[in-house]
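Lettered A, B, C, D and E in written order, each chain numbered from 1.
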């Protein structure tokens, strides 16, 4: 229990002294997770919406698969990305292994199914509501997807935040493809894993609290921004 | 790349020969994740629904916090649960450390915010639709929550499946509180991490594919069950 | 049953797969292994969450015992550290006379070098060697990569990067993802790696299974164990040498 | 149960800074079939919702002559846009009774009875959300009446009904009224208003412009606006 | 653009095993103000949706006299339950024009014009979902007309409107009809049907029971059922 207090103290100390290493790895965490979030959202929001509006033969199968992919074990994703990017792998020439780019790639693979699934679920209701109108106005597929995303943006927030949460807290995959290299690919979660392995639980917890604080900060910021839009249920 | 084929071959061999160890750890994975899912759902579905129907002073703050908690780093959760359950921690006397129960506790903490957030988001729409009717019928809070959960159960599927996916693929927390003890707390993800550490990528991938197959199976089963209900959008 | 915290390098060697079944048949004890970093192993012992630890970091072990967390320290066996690197050996450490020279050549050539960077026994040994070579890793440029991970993960990183790395022989021999890495240098007595067994002190944690821990110690130092440890080979190479004094 | 009357005092609803209702001071007596009329956007729906308690006042008070809990329990409301539970027609009808923990056998019986009265007998096991507009309106009405409410609010309940259904519903409402139910209803069908009303409330721009017995109101309106409204002229 | 006619051949909609519409064989000519009448659940909404193409036939065909893409682009539909985009009134009005990539200046102008005609000028920046029932219906109508459709479907467009609005909308629709718009509309207001119809389709239980010019239909119904319907009697 004392460790938890020590952890809080450590977090406090790290933040107050603006520890240079801490700032560095925190920024890297943010950079990697936000990049992954943006890329994954660009893929998953239209795809999830498309799944909600399109009836086709294997729709249920696709949705079930997408839902299952939310359970993609990060370690396995990390391994596969490692094998693809490793020097003997097909993309080895790009030299991406053990760079933030590799970490972003792995995280995009992990969070895209999550964001797409939640998007699909959220967009189904809105599509049921808009269906007749949008068909009647002879909209193209693209216009339908755009309209749904635009008018459902508030409900998509949860999808994006879930993706961000998963990315920022993830450690298995980025450990393998990033390598937790000091000053290069170390992020908050891998640093926490490292300190845990060292048995320095206070520091590990301290970093953990910093990470949680960061997640809170990002969430409050996003909520505050979305609040500047007009209130209430449209 | 060859590794990936070797992994597929390994998965195939493991499944076909019904490797006793594999069956054992697969069942344990399922047991832990499904238990965590059930417990987390019992907490998160009513809570998320309650958040959707209740207006109170710190509602937005609560929601933003809940969303942020989706980013709880599993390693930190693992550490905290470890410290609480450790012999020198407050619940040490229970002797739960390094047991499946400890793993379930950690996973419940990790997936509850995720399920609650998605539930909240899904229930908001339904509440907007039912609001006037349920108020008019002078329902109690409990009746409102029950009605929403019942009639929104299809949309809650995604919430539960997202939680299950996160639980079954998670490794950081259960490694710390479970300890990856052979024949006692080894599950698929920790076994994968172990084989990865040994550099035995083929076996690691093989186990990974088994895990993915399991996730697919569970998802198809659940989708098939929910399909037996009548079709279409209610 | 009893719980034993061991380091990743011990477990990755595969020796535990040989020892544990034998222990179970001989003594009836079901030993549950917790494979963690050295530091974490010691913390588990301090908290009383395990009944004994098996690690390889002398200073930390002595501190553990003198603080009263462990009853005593019992040396069991040793293996040695080796230098691994790309088969082409750009830093030419293959014919270095000593571990210190090898490190100096690596730092001169600025060939990529992966360090465990996790305060483990292996990492501590590596730092000691750098100190002996009168170099400070803190001043190294980016060719020196402190990856902060267990032995296996660090080896994976090294093979992904084609980098040099110091590893224990057992982990290396049992490692499956060698790619074009090769064992380039070994044999310097400075690379000696002693494993020791420490039972957790029942005076501090009354619930620990002290008798089982002692039984295990007796077994580990028995001729039976000696036979199994000395006889454990991978590809014809012996990994560990039993050196417990009865 | 005791009959109920209700008093509105300085009741105001504000939304986004503009006042969409009130201030209204008004009393509705213990018995009667009150019809609220007024142009689109006058505030009829808002007024009914405030009386029923599903919409909150920004300021002022609504006071029922019985304790709040009793008042809420004995009222029913038929919304302008029918709200269908995403369940079968049968389950929609049974829902208010389930909430009251009425015994199953009685529920089944009353559901049979009411589904017959609204002509949805054959549709009992169809999803309510798939009913036609008029069928939904009838279902919502039956779901409100199945509880035998003491006070019944109806917001344009016949807007989507065919001639015959409208007549049948009117008969049903009058029967209910004569049996003692307090009814408060809005409609745009002035013929219907004449047929049913015992008293009339004329709303305009969120204010009660006139309140009188039906006889008095239809015989001679006090205000130019009410006169213009009845003629379908422009009101300013 | 060319005027359009439409032919239904053996058109059938089946849902959950039961036939809710058809089989229908019917032709609607190039010009006219067709009013579809029939009791609740007769299939009026289903018929309109099939003609417009938002609902698919289970069997049979709908054929417009112009290529499908042209037909879809020049039609508009006002649904029985107004569908409001979760945007402001202004954006709702502008939406169909945006889809057509009309220049911004022209959009602004037409939005001004139409918001005036339906009396929602002051509400332009309010969320459309918060409008009153009647206001929503008027907005949906304006949103359909703003595209100057060649064919206009209206599903009980005046159900929630007050007397004056109904009259104004009727004037507007007649003007549009005389300017060449093909209108197909359902209503339960038989007075309205008489005022507007050039021809009448009488639906019953999913079948076209009668189709005739308005004059002929209202003068003398061919079937007992139509006669009963006009009297508000029970039809079997």
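What we mean here is this: contacts are C-beta pairs under 8 Å (C-beta built on N, C-alpha and C of every residue); 3 or more make two chains touch, one makes a residue touch a chain.
Fair warning: this is a prediction, and the values are worked out from it, not measured in the lab.
Hopping across touching chains, the smallest step count from chain C to chain D is 2.
Top contact pair of chains, counted by C-beta pairs, is A-B.
Annotation: 81 Å between the Cα-based centres of chain C and chain E.
In whole angstrom, the spacing between the mean C-alpha positions of chain A and chain B is 17. Centre-to-centre separation between chain A and chain C, using Cα means, comes to 36 Å.
Here the spacing of chain D and chain E, counted between their Cα centres, is 28 Å. Contacts with at least two other chains are made by residues 176, 193, 196, 201, 233 of chain A. In chain E, no position touches at least two other chains. Residues of chain C in contact with at least two other chains: 150, 153, 156, 159. Screening every pair of chains for touch gives A-B, A-C, A-E, B-C, B-D, D-E. By the touch criterion given at the top, residues 1, 3-4, 60, 63-65, 67-76, 79-80, 83-84, 89-90, 113-114, 117-118, 120-122, 124-126, 128, 155, 157-158, 161-162, 164-166, 168-169, 171-172, 176, 188-189, 192-193, 196, 201, 204-205, 208-209, 211-212, 215-216, 218-220, 222-223, 227, 233 of chain A touch chain B in their complex.
Within the complex formed with chain D, the residues of chain B that make contact are 129-133, 135-139, 143, 147, 151, 230, 232-234. Note for the complex: chain D touches chain E at residues 15-16, 38-41, 45, 80-81, 126, 130-135, 138, 155-156, 159-167, 188, 190, 229-235. The touching residues of chain A, when paired with chain C in their complex, are 82, 86-88, 97-98, 175-176, 179-184, 186, 190-191, 193-194, 196-201. Every residue of chain C that touches chain B in the complex is listed here, in rising order: 3, 8, 12, 14, 20, 32-35, 46-49, 150-153, 155-156, 159, 174-178, 205, 207.
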